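Next, two complexes with subunit A in common: one pairs it with subunit B, the other with subunit C.
Entry: the complex of A and B
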């Protein structure tokens, strides 16, 4: 097992210059890492700031080379991938077009058969407009880029929220498949769903992740 | 033929014979130079009289044209140097007129400044009876046929620039497809305004006889120049009973620089008449010109006739584009379907105006119009101006218009998929435009996507 760590120390998360979260010492290791905490505590803001969404800032010690100068797409090229909680709908843009463009701009040859075998829905919904599948299907479709981009670090923001038991099973199958080679960081309100994955747990309390 | 490369933006400085000034003497000079018959000269003079008494329009944007110093006629002078430079033009544009037809199944008329470099396609004429040549050659060889239809769809007093074109028209394309003939190749015209000082007054006439079919493509380009140049065309299309004409345009005249200096004034009148059961399908991609006035229109004269209009306009810098269409429903069971997409960037302004006019006789007829605008910059403007004049009680009319901005959430989402800003723009604008571009023939399809990407990169 390769140990791929993300270490963040003495950091703060800001949104529009307002400090909303402190991080004393956070170490995510290869496998499954879970962040839990109350709604509105700043969990999603942490992901947004890490991926440099507009108006969000993460300041501190982060073990990513040249992090302050990196742009979001450069983080992706370095092996970081984010699945947001929010469902995107983009007129006229199909999954097929999106995925092929992703492969093209990153000069990646994709093993489509492997993807379709693992998630048959990827082939079934290939020509759907982004975001127009059912809620659970949309979330599973957001996992497909992990096969395309092969990131080392995957951040999943409440991807399990509202999933049917079938889709939840698919998510667990996906995490088990990759947990020995990738570092997953999940925000969830249902940590018991991931009991079988031997997850490392982090709790966000009073504005600090512990 | 490639529609656009950076080579298209260069003038070739061809030694040419030129005629200056929009005067009666110039007009006579053009007619004499082209060895036209008396009837054509009379037609020009009549149009000139109308033009002189018509007021120059200034209703949607202001501009200045120095008519006295315009060169309405420019033709390579036939010297060795001019021949070499014409060859260079063709090489730069990647055009080989004969190979074009053999490899891509496209018959091409290439118009350089005021004259066509092509001659009549004898293979199409001998095998199918199709006449495809320059208007000048058609006036010489098929004068009666041309004069029977010229000016019947767009009269000389239709508008200021139609009058101007009628007086000073130079080469454009003439196409005649006989009864029940399906044209076996795509017919294409490429208009090149190479001289930095010439204006182009192309005139195209298409006649599709009963039960015939024609796929027509036109493209254009002009070099980068700080001068404004005038391109004022008239296109007339007559579509007889149960005939179908597909008319595709990729307009990519030079659009001026980021300061709004230079560029082509593109003031065009295009119109078709559909007889019983006939069909006219327009696809218009507008990517160039500093100022554009263009409203390709269809008169649905015959019962059961129909028209579609698919339009994409991309404007940037200080371009001003006022385009649209008209569908005039005169026959019973007539249908029009209009889809317009516009993308505005920089300080540009795009207005899409269209008119649906329905006569009391046009019973059981319908129209659908969809206008989508994507505003890319805070300093650009987009307008959709529908106008309905419906005098038939059972007319079914459907209209929708939407304006979009590129959502910051979507841009961030794309960034998290590895797209930088430019790649995101290209992807989003391509999918927005897809409905229109997909209507183009295969020959244009990939080139238009490539050209659109060049425009987005700021290299168009």
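Entry: the complex of A and C
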């Protein structure tokens, strides 16, 4: 196993200059890392700040080279990938066009068979406009770029919400398959769904991740 | 023979000079070398033409696809199903239909008039990629006229019309869309606007004798972030108070959340904006937006 760690120390998460979260010492290791906490505690804000969404700031020590100067797409190219919680509809743009565009600009040959074996729905909904599948289906479709971009660090914000039992099984199978080679960080409200994955658990309480 | 038929058909309707091009087919036909197709009937692209009258006749149960571009030209196009002319022929039943897929790229200083005479059961999908003014790396000159006027007279029963426009260099574009025999229509217009250009869209249905449904959706992207106003006037005019009209208009810059979402897929800002444009106008035409995306 190659240990791929993300270490964040003495950090603060801000939204529009308002401090919303403190991080003393956070280490995510290869495998499954789960963050739990109450609604509105700042879990999604933490992910948004890490990926430099506008109005969000993460200040502190982060073991990513040149992190303060990196833009969002550069983080992705370095192997960091985020699936956001909210559903995004992109007018007229289909998953097929987006995925093929992603593969083309990154000069990547995609193993489509592998994708369809893991998630048959990807083939079925290939020509759908992005974000127009059902809630659970959208969540699964957002995972497909993991096969295309092959990131080492994958952040999944409530990826399990709204999933049917079949899709949940597929998600677990997907995580088991990649957990020895990638670092997954999941935000979830149903941590018991991931019991079999031997996940490392973090709790966000009173503005601090412990 | 054919010209006589045409003259009869258009008698008392419009003036018909002798057509420069006639295409007659009962099969699926396609024009245009620019986009390519398996089965090609080539028409030249129209550049610097004073007036061209194009008659396109198509047979029953056929599909008509046209892809072409015009520039510095005035083009009048008449599309009609041949079974309208030969209604007594036994070959054609009431179920005959003509599906029209029309994709035309229009560059500067052009006037395009399209008259679609279609069967009641038929469908018309008209799609225009319209460039009302040039960008510097294209091979044509800009004359004093920097305006583009597009008038469409559509006699179809059902029509789904889609426009994509790029307006720049203080240009002024007017689209007048006249609906005559509509049961329902959807007009979708997406524009990318720069440099104080103006856009005036009039969707007009003055048929007061029947019920119909007209939907008009306009979406305008401001490409120049420094602008604080935009000059676009989408108008919808209905002739019957028994009819149903929907009128939506959206104007703004590229949405931040949308750009962030695409950046999370590894696209930089330029690539993300271009992909949004591609989703509206297609890969080929989007190349003309290069250089204008900030």
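Simple rule for what comes next: the second predicted complex is superposed on the first by the 210 of 210 C-alpha atoms of A that agree within 3 Å, B and C clash if a C-alpha of one lies under 4 Å from a C-alpha of the other, contacts with A are read in each partner's own complex, and residues count from 1 in each chain.
Operating definition for what follows: a contact is a pair of C-beta atoms (placed from the backbone, for glycine too) under 8 Å apart; a residue touches a chain by one contact, two chains touch by 3 or more.
Since the structure is predicted, the reported quantities are computational estimates derived from the model, not experimental observations.
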Subunit B and subunit C placed together on subunit A: clash or fit? clash
State whether A:71 touches subunit B only (first), subunit C only (second), both chains, or neither. both
Examine A:149 and indicate which partner it touches, taking first as subunit B and second as subunit C; both and neither are also allowed. both
For this session: Classify the contacts of A:91 with the two partner chains as first (subunit B alone), second (subunit C alone), both, or neither.
Result: both
Quiz item: For A:101, is the partner it touches subunit B (first), subunit C (second), both, or none of the two (neither)?
Solution: both
Kindly classify A:51 by the partners it touches after superposition: subunit B alone (first), subunit C alone (second), both, or neither?
both
The clashing stretch of subunit B against subunit C, among 81-89, 117-125 or 387-395, is 387-395
Contacts of subunit A common to subunit B and subunit C in the A-superposed view 51, 53-54, 71-73, 76-77, 81-82, 84, 88, 90-93, 97-98, 101-102, 105-106, 145, 149
Subunit A partner, complex, touching residues on subunit C are 219, 256-258, 260-269, 271, 275-276, 278-280
The residues of subunit A that touch subunit C in their complex are 51, 53-54, 71-73, 76-77, 81-82, 84, 88, 90-93, 97-98, 101-102, 105-106, 145, 149
In their shared complex, subunit B is touched by residues of subunit A numbered 51, 53-54, 71-73, 76-77, 81-82, 84, 86, 88, 90-93, 97-98, 101-102, 105-106, 145, 149
Residue set of subunit B touching subunit A in the complex reads 404, 408-410, 412-413, 415-420, 423, 427-428, 431-432, 434-435
